[in-house]
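Presented sequentially are two complexes of subunit A, the first with subunit B as partner and the second with subunit C.
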Partner chain A sequence: MKILTPIKLTVDISQLKYESSGEPLMDIAPRKMGDSDKCAVEEAVRLKEKYNAHTVAVTIGSTSDHERIIRDAYAMGIDEGYIVEVNESENLNAITVGEIVKSMVEMTGPYDVVILGAGSLDTHSYTLGPIIAAKMNIPIIAGVDSLNYNEQYFEARCVMEEGTYLYRLKPPLVVTVTTEVNQPRIPTLKTILKSKKMEIKRLKIEDLKVKPEKIDLVNLTKYVIQRKNIIWDASKDLEKATESLFKLLVSEV
Partner chain B sequence: MKILLYGETVEWFKQARQIAEILNGELYGVVPSGELSGEAVKILDRTYIFNRILYEPNTYHKIIQEVSEKIKPDLTLFPSTIKGRTLAGLYAGYRNEPVITDVVDIRYDGGELEVRRLVYGGACIASIRSKLPTTLCILLGAFKQLEKQVNGEVEYLKTIKEQPIQTEFKSSEHVGMPLERAEIVVAAGRGFRKKEDLEMVKQLSSLLNGAWSVTRPLAADYRWADTWIGISGAMINSRIYLAIGISGQPLHMIAVRNSKTIIAINNDPNAPIFNEVDYGIIGDLYIILPRLLERLRKKQ
Partner chain C sequence: MDFEFSEDEVRFRDSVKEFCKRYIEPRWVEIDEKGRIPVDLIKKMGEQGLFNIPISEEYSGMGGTITMAAIAAEEIAYHDPSVATAVYTLLNNGWPLLVERYSDEDVKKEILPKVAAGEAFYGIASTESYGGSDVAGIKTTAVKKNGVWILNGEKIYISGIREIQELPVGGGYFLVAKTGKPEYGHKNITAFNLIIKWNGKIRQGWKPTIFDEIGRRGISTGGFILENFEIEDKYRIGEENKGFYYLMEGFNVARILVAAATIGSGRWALDQAIEWIKTRRLFEGRPLASFQGVSFKLSELYGDLEAARLLTYRAAWLADKIYIEKNPKWKQKDLNIPVALCKMKAPEATTKIYEELMKWYGAYAYTKDCNAFRGWLGTFSYTIGAEGAQNIMRIIIARDLIGREYVKG
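And now, the complex of A and B:
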């Protein structure tokens, strides 16, 4: 079995800072591998350990942070890593990213399964997995909360608003995982040291014959909704706080 | 402009009707059979009905694609739910057109479309220009529901007899009133110590004639409920949202921001949710909730 895991370098939204104008300071925002991408790497490595699969990770971009997340994936147990070099990769549209992955699959595949995080930490679109599946013309199971493989087919459980779905699918397929699918391992010092020596293969977007299309971003600013922001401190005056809340609810209902 | 939608709720059809009004477009819809399709024909200009089968995205998107090939829409709309996003990605991927999720505003001057979407877990808003045709996932509640009765046309699609991909389904535990219809939503977060304590939330929602839910950790990690409010679960746009023991993580807040009034109870004065509330109570939910419940019961 051969598994591809596309991973995305994303802005760590919990550490985002803003100009006084409300514009986020993107240049200094720290970046990391998204949580669900980390779970995708873990899931790939678990399949490798159980079924002797060969695992490949790929990321798109050209900064040292991109190299770092491939090394992070190596430290977790990924066998082979690629960087597809593109400038300003953060503004690529999702269709272009899907084409890059498809072209990368044709060049380095075939793969039995492509596993990636369901939603990235920054945009949470949940559309990249489905776009990759469409481009590769293979089926997808999206938003997987638990995944099993029995050497014939994958069995995936997806929890949705109205209930739980169970899907059984034979490879090749695309799987997108949520952060519920597993608890990613913490690399050991030994695997971290090993990851630093491993080769990272580099591809140019021209090699993949993809014409990069960017998102036409007009403006990006902090999202503010004006709220009344009236706070009652119950530790100081419990009676007043409870009574105020009661009156508020009664008047609104 | 021709607008095609996929969706499964009347509330969403009415919001799409509002978008069609803004863009001066005709509204077409792909809708599963059943009670819903009867409602759809009163809202949409033309409804394409398919026999309802268990949800499976690879099959569903083919149905939408088939209708799309007939209509050739300029704009295709999905709700920004997990299902909607998955179907939109497949749909746009096969059609090779842009897809933008979490859309809260749309402008069109006859040339390119300009949309505003939430990013970074709802912390920021981005304006993006896009050529047509394009696919959008609309954040539920961002547009008002337009009440406009039409006498729409109906077309039945050919029956799908079997599911090409093996699918099973187990329905969630009934949580009372559906969240997206509730005017008042009460939700519990990690401030609750055990599952039994959710009883207080259920009682409160019933006294307020509303719905209740939890945050993702309570549903997915502790398994105290089957569904949750958050970007990966249900999105709400209630009149009142009451968050109890919820710290206000970005991926939760994006799903509740469209509520008119946000109220929070939390014992941590530094909880991020207090930056986004209309009314906040700093205090122990285990002291405040029993008193509030007693007060509301007495009133009844």
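And now, the complex of A and C:
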């Protein structure tokens, strides 16, 4: 079995700092492998350990942070890592990234399964998995909370609002996983030191014959909830203040 | 000059943080309250490779450095500010290094893998009731008869007494005992691997006791009496009558790691302080931080802690040059002042932070609902004397600065 895991470098939102205006300080924010991508790596490594699979990770970018997340994937157990180098200023959209992954598969594949995080920490568009599947013309199971393989087909459980779906699909396929699918292992010092010595293969976007697709961003509106700033003075009549608070809460539901 | 940690060190620190957030932080108060680090947590720490960090992979070590062991001690103490878990970790990183450096080949292969796996404890047994600082004055004796050493004496304020008894394999100590004429002072001390319990079996002649300590309660402290306790000669560490020098080498590493642990706890206390003085409002709604009496003090505390941190990692860097890289440019004596400085500064910087934090909290800090006292009492142990009394550090520094002939112990 051969598994490809595309991973994305994203902002570490747990370490995000903000201006007093509330704007996040993106320039100084630390970057890391996305949480659900890390779960995808863990899932790939578990399949490797159980079925002797060969695991490959790929990320797109050109910074030392991109190199670090490939090394982090190595430290978790991935066998082979690629960086697809692109110009730092190029803001790649999901369609272009899907095209890059498809070309990667053609160049280094075939792969039985492409496993990636369902949504990235920064954009949360949940589109990359379906785009990769569409471009490769193979099926997808999206938003997987539990994944099993029985040497013939993958069995995936997806918990949705209206119920739990159970899918069975034969490879090749794309699987996108949520952070519920597993608890990723934490690299040890030994695996960290070993990962430093492993080769990272580098490809240029031109090598993959991919031309970035242009998508015009027409509008981007932030979802903002304003604080109501209502203050009840409970020092004189606690009961009345509490009642007013509950009345407001009930009216908001 | 480069003040940055290497990429390996940064990634290792991140992995230790992640481990601590997942497995240690949720349990640290329980560890302190119940007075024990759960055996399952010790095993998990072993699986994560948090013991035997500076030991080579050949002996089941992690192939890391003393700096990395200090990073682990610092981060673990940040997430268990009582420092109990960090102290367990640092003991099982510093003292096994002497097993690797000076023990017989088969003894290394017997002891070190079990310590690495978190199945056995390996600590230090040097202090006696006659006074921990006067190592040359120890009274425990070891006499060789028919190739077997027979030990008699008493050790006190020793960590790991309960852990050795509870861990599946067991463990033991780097122990020093007199092996020659008393008038030879420190030149008649020999070091041993005192294996007390191995593969679940406790050896004859060991009578332990456990004390009820006020701080860092998660790791046990006690003492033991040795009554005709027998050790095969293969468990001797290095050459006969050179144990004092091996012990000093062990203290060099242990003191760096202790300093790192107290710094981790101090960082936690400082973070609690910053959060509190920003959010606590009084005198018409002013945050506590807006009073210069508070913010200036915070700056001083931060400065002292940061200075101690730089001293600690400088000492760790130098210890790596000497013990890990074996770089002939430096000698062990070059570590005297750097190690004594970090051990002198770090615990004191940290306990000062706790004292201010608790004053800023006010009466709340005097209740057990507030956990600051756990860090305060835990780190206070290292201003009292564990791993070398503070005045011994001052003697070491003064001796090197002024001359041994002017500074008596």
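Definition applied: the second predicted complex is superposed on the first by the 208 of 253 C-alpha atoms of A that agree within 3 Å, B and C clash if a C-alpha of one lies under 4 Å from a C-alpha of the other, contacts with A are read in each partner's own complex, and residues count from 1 in each chain.
Heads up, the rule we're going with is that a residue touches a chain if its C-beta (ideal position, glycine included) is under 8 Å from a C-beta of that chain, and two chains touch if they have at least 3 such contacts.
Values in this document were obtained by computation on a predicted structure and should not be read as measured data.
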Which superposed partner A:Trp232 touches (first subunit B, second subunit C, both, neither): first
First, second, both or neither for A:Glu162, with subunit B first and subunit C second: first
Superposed model, subunit A: greater residue contact from subunit B or subunit C: B
Which superposed partner A:Pro139 touches (first subunit B, second subunit C, both, neither): first
Subunit B versus subunit C as contact partner of A:Thr188, first or second or both or neither: second
Partner chain(s) touched by A:Arg46 [first = subunit B, second = subunit C, both, neither]: neither
First (subunit B), second (subunit C), both or neither touched by A:Arg31: neither
Which of subunit B and subunit C A:Gly119 touches, first, second, both or neither: first
Residue ranges of subunit A in contact with subunit C within the complex: 68, 71-72, 75, 186-190, 192-193, 196
Complex interface listing, subunit B residues touching subunit A: 54-58, 61, 81-83, 85-94, 96-99, 101-102, 112, 114, 118-130, 137, 165-172, 184, 208-209, 219-221, 226-227, 231-234, 239-240, 242, 250-251, 254, 257, 261-263, 265, 269, 274-284, 287-288, 291-292, 295-296, 299
Residues of subunit C that touch subunit A when the two form their complex: 7-8, 11-12, 15, 18-19, 22, 48-49, 53, 57, 62-64, 68
Complex interface listing, subunit A residues touching subunit B: 11, 13-14, 16, 24, 93-95, 98, 118-119, 121-135, 139-140, 142-143, 145, 159-169, 178, 180, 215-223, 225, 227-235, 238, 241-246, 248-250, 252-253
